[in-house]
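Two complexes follow with subunit A in common, the first pairing it with subunit B and the second with subunit C.
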Partner chain A sequence: MERQIRYQREADLEWAHQFTKHPGCERLLSCIQCGTCSGTCPLSIYMDLTPRQVIALVREGFREDVLRSQTIWLCASCYACSVECPQKVSITDIMYRLKREAIRSNLYPKRFPIPVLAREFCDMVRQRGRNSEFWVVFRMAMRSNPKILLSMARTGWELWRKGRLSLRRERIQRINELQYIPATSKEVD
Partner chain B sequence: MSEKKNGQVRIGVYICHCGANIADTVDVKAVAEYAATLPGVVIARDYKYMCSDPGQELIQQDIEEHQINRVVVAACSPSLHEHTFRGAAERAGLNPFFVQMVNIREHDSWVHTEREAATVKAKDLVRAAVQRVYFHKPLEKRRVPIHPEVLVVGGGIAGIHAALTVANSGKKVYLVEREATIGGHMAQYDKTFPTLDCAACILTPKMSAVKAHPNIVLWTYSEVVSVDGSVGDYKVVVKRKPRYIREDLCVGCLQCIDACVFKEPKFDDEFNLGLSKRKPIYIPFPQATPKVVVIDPEACIQLRTGKCKRSCLEACVERGAIDFEQKETYEEIHVGSIIIATGFKTFDPRRLPQYGYGRYPNVYTTLEVERLVNASGPTSGQVITRDGRVPKSVGIILCVGSRDENTNRWCSRVCCMTSLKLAHLIKEHTGAEVYIFYIDMRAAGKGYEEFYQRVLNEGVHFVRGRVAEITDWALDPSEEGKLVARVEDTNTGFVRRIPLDMVVLAVGLEPQFDAHEVQRMFGISCSLDGFFLEKHPKLAPAPTYTDGIFIAGLCHGPKDIPDTVMQAGYAAAEAIALADTGYFELEPNTAYVVEEECSGCKSCVPLCPYQAITFKEDKQKAFINEVLCKGCGTCVAACPSGSIRQNLFEDEEIFSEIEGVLAYA
Partner chain C sequence: MEPSARYLYYPGCSLKGTGIAYEESLLTTFRLLEMPVKELPDWNCCGATTYMSVSETSATLLAARNLALARQTGSKDLIAPCNACYLTLRKSQRLVADYPQIAQETERFLEQAGLPRLDSVRVRHPLEVLYNDVGIQRLRELTVRRLQGVRMASYYGCQAVRPYGEVDDPHEPTRMDEILRAVGVEVVGYNLKTKCCGGPLTGTIHDVGVRLNYILLKEAMRLGAQAMVTICPLCQFNLDAYQAEIRKQTGEPIDMPILYLTQVVGWALGGDYRELGLHRAISGRKLLEQWFTVRKEAETYV
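Let's look at the complex of A and B:
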């Protein structure tokens, strides 16, 4: 059985105080814990923490609890919560911020397909300037759960036969100009 | 049998449809036809809305054209429209007490579904009323004159506002306050929510206005000891306790305090809740009104032992305001109405030992913290704990002694906002991490929710959960030397231990410790929670069941300052209206003693809930003061010789009504 009580030394209040300074997270403190976000979210039924809980945990400084949760990775960015929120909290933006921190702190669930997909997608765009669907999916599957390729094989074959799936790895010209953008944004952040 | 006008009883019966309310369930036509056949009934009609103007005119017309001299209206509850139909009868020249109402809505159509049976019941009730109204006697409403003076009991913000309002209307007001100064609890507060106005800055001008007002007689350090009489003429005795200072001579220079043989203040200062000390001769706070010092007889050496240097006398030798021989005096006044504004007391958190109040020095109540953050408070506005540290983390626990079956069931209404305000002030003064432990955040009021948002955005931690205990038992090195709150944080979803330097208990509000004595003395009622009972919770929240006595402020139940001021203004308006009318009309349904039959057994005297019955020793008979009688009928039923009767409820009226309802038609 796991210990459930939380001691205050586990809370990182400095991190919590800084959190609202990130773009999109300004209204975090306005949250009144009504749970509209959790009720609206089409994916909250699969989440280990509901979006409302995520906000409460961020405010109280329980950084690891949040960054290790699957919730931030299940968020599909549909923005339903942000639209419905009575306090105009940009929950989706907060989720993005948390995903970024989870990756940087190396706290994200390693074989969970969603962060893997995000990483592969970004790497491919950064290296080639284009997203080649087949290769993104292939590399995501290889790094998260290779068995999934077997179940997807038939669909893949059909799509390829009809010319809907290209095996070509596309690339743009003058890739260095594109790479300049993420490099600059990294500096700014 | 009373014979009227043309020598006989002529009854008119009117059946109301009340739209569809009655007519859908009761066959009103059939009831009217049946009523017409009853003995004495001259005319019976039904109409869609009897209470409407054409409906009332119908009755008036029949009184004039058909010489109707008794009226039975079968409609809704008499509490709704009895006065309407009595008024209609009066306008047509008929004594209004010849009208009898039958409730065929609440008592019949609304509670039954079967049309046939409901119609039979309506007929039965109408028959009963017809038989009763036959015996009705003409009655007159009596008027009692009203003394224009008003007594206000309690000099907190409610009493102050009520007194000023009445005084401004040109009437004389007596303001009686138990403490040495007016101001009440509000004078102890630092800021007021949600605007953060300084409480003293908005209160003290009103206090000095009271002192300066030509129509207000201000008696501080005084208590009401007896109340006699009834609406319009209350005889009140006020005890003026000795403050050992002649109020007319003291100018408030305070030199006597410096001169006192006690060089250092030694005694707990009540105004600062014991957080600071005062001398035996003191002034409660700098803006005290009246600005007159007071001597504590328990502390003063001269008053306790008679052996003191009396250096204070020397300091006041020119004015000679100090008078150790002063005795209590009694003043008797006559007033027409009374406004009770005796306030509240805060919950004593020692009753909840799990929070450690009184055991851990750094556990405070909200009222103590109000003094702590106040610039003229015991620490000059510095928030420091009892061991002299500036707290780095502060926890405020809500609902201490509220919403709890073990202590008080009610919500004290102001603690949420008070705690938000204190959280803001503590954060402003110390920069500490502030935790508010709440069950529900109740911020209902103008600008209140906005203030909650402001405090949320200041980074105060809102932990949703009622703290189970405050302990100094550290389970973790980080908790050493701190108080730890153990609480389920239902927002994050787990139980937490939060170390705190200072714990503030948002204590609930309770009736004054002597509320029951005050209630008995003034002859008013208390609700179950012990607060004074208003006449109607929605529509008469300042009058009481005792005519001429009004309640205002926290003695009626927890409320914030704006609500208190509103209720005080309302109570004052009622008192002014009563005084301006000049008289009070009494319902004639009072009991009376038939003296020839009274045996003088005194059974009735202690039974009367309104103290309306006295025993006349000279005649050896009971006497009922009809101004005080509310017509409850207790004495009528209790009288062993049947010598107490009641207007509108004479034996013949009631017995014929019973016969009427039981007769088989």
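Let's look at the complex of A and C:
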């Protein structure tokens, strides 16, 4: 396995320090690197960095390493790690925060479907108040990798036959109320 | 104004689409229990895990609108059957309670939108309503028919039992087993009850998502379960929709019905096949028909 050496000068300690001030990220520095989170995470074997490694890198200030990782996008927000962590580190919230920052700083892997899905989803919800499963998936596929539509066709057909695939584009009535929800701003929040 | 129903119901987007059988069976079950539920008028998407990945503030405001609408109706109990909706709504309440800045933003938004301030709306999950408000004893009494010798694995998925909920114990949840036994179902000791199904991963990083579901199904089979019982539309979809693909990939003869808890309970209370949405399953259809279509002679009335 290729090993990468990281030098202290590449670290951004101020970033790490600021990080702990955000909701849910307060206990970052309490991590004892026990690895319970990685052991609990159903997805850690598919990740490039394990959750424990993510925590270690964040608090040492290796910003780009974590923001570019696939790990944060594989995290399914299942909260297993957060429930099991002996130090009550809310790893899930830390992952969320990293996802938000990766999107804002455009650091996610290009054409990687998950951030694309996230954007499509949010646009649709802000414009219509509801998401229509079919249209979100369709638009995500068109923007990331249209070929996956072929492999989805079979499942789609099955769902359609059972009346589980609605092509209706849902919309709430009082859509004007949503205009007061800020559009995703430059700032990470 | 019509008298407010005790229970309001927040469907969320899935229960109007892929999870429509959850809505059908939930409404049927509550009707049979004589606990009418009313759909929250003009509800909006909860934001799910996705909005939280883009903006925490906006995600909280989206959830807050629903809570404010609930308050307007005068009901105190808002049932959110989808695990992701349930968690998101409750998480937003926690964020508002714990962080003054988020509370301020929320207040400002509600004021601009002309909505009432947040108040003590209780976000409930159907599993916990069945357990706490109806109770095991009453469910046992109301059961009019039992499945004979069918073993099932109860599967919670992840978000319902995690930090913001009060559905069940996050480490060793048992309430679903108790409910299933009360209505006459045999349960196996399934130890992956709260292992995540991958949520949207089957649609994004497909192979990984399918793999997680294969593990869940295989373990249920190994334990001798003939079906799995879920309480979340995404879990149900993931476990149900990809079995053909898993069969092809692994050669494993998996064809297992994936039920909603409300389908099993609703059937025990006397609901029928179609009104419980049992005809909408993709996998294990033969078994479903065998178990749940009315064959008077094979039913044991109790």
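FYI, the second predicted complex is superposed on the first by the 178 of 189 C-alpha atoms of A that agree within 3 Å, B and C clash if a C-alpha of one lies under 4 Å from a C-alpha of the other, contacts with A are read in each partner's own complex, and residues count from 1 in each chain.
Just so we're on the same page, contacts are C-beta pairs under 8 Å (C-beta built on N, C-alpha and C of every residue); 3 or more make two chains touch, one makes a residue touch a chain.
Only a predicted model underlies this, so the values are computations on that prediction, with no experimental measurement involved.
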Would subunit B and subunit C fit next to each other on subunit A once aligned, or clash? fit
Subunit A residues touched - subunit C or subunit B, whichever exceeds: C
Applying the touch criterion given at the start, work out whether A:56 contacts subunit B, subunit C, both or neither, answering first, second, both or neither. first
In the overlay of the two complexes, what angle sits at the CA centre of subunit A between those of subunit B and subunit C, given in steps of 10 degrees? 100
Going by the contact rule set out at the top, does A:37 touch subunit B (first), subunit C (second), both, or neither? neither
So in the superposed three-chain picture, is A:67 touching just subunit B, just subunit C, both, or none of them (first/second/both/neither)? neither
Once the structures are superposed on A, label A:181 by its partner contacts, choosing first (subunit B), second (subunit C), both or neither. second
For A:94, using the defined touch cut-off, is the partner it touches subunit B, subunit C, both, or neither? Pick first, second, both or neither. neither
Minimum C-alpha separation between subunit B and subunit C after superposing on chain A, in Å: 21
Go through subunit A and flag every residue that touches subunit B in one model and subunit C in the other. none
Footprint of subunit B on subunit A - complex, ascending: 4-9, 13, 17, 29-33, 49, 52-53, 56-57, 59-60, 62, 65, 87
Which stretch or stretches of subunit C touch subunit A in the complex? 13-14, 16-21, 42-45, 47-58, 61-62, 65, 87, 95, 98-99, 102, 109, 112-115, 158-159, 162-163, 170-171, 194-196, 198-201, 203-206, 208, 212, 241-242, 244, 279-282
Which subunit B residues qualify as touching subunit A in the complex? 433, 441, 453, 456-459, 461-464, 475-476, 478-479, 489, 491-499
Footprint of subunit C on subunit A - complex, ascending: 23, 42-43, 46, 74, 76-80, 82-83, 90, 96-97, 99-100, 103, 113-115, 117-119, 121-122, 125-126, 129-134, 137, 140, 148, 151-152, 154-155, 158-159, 162-166, 170, 172-174, 177-178, 180-182, 184-185, 189
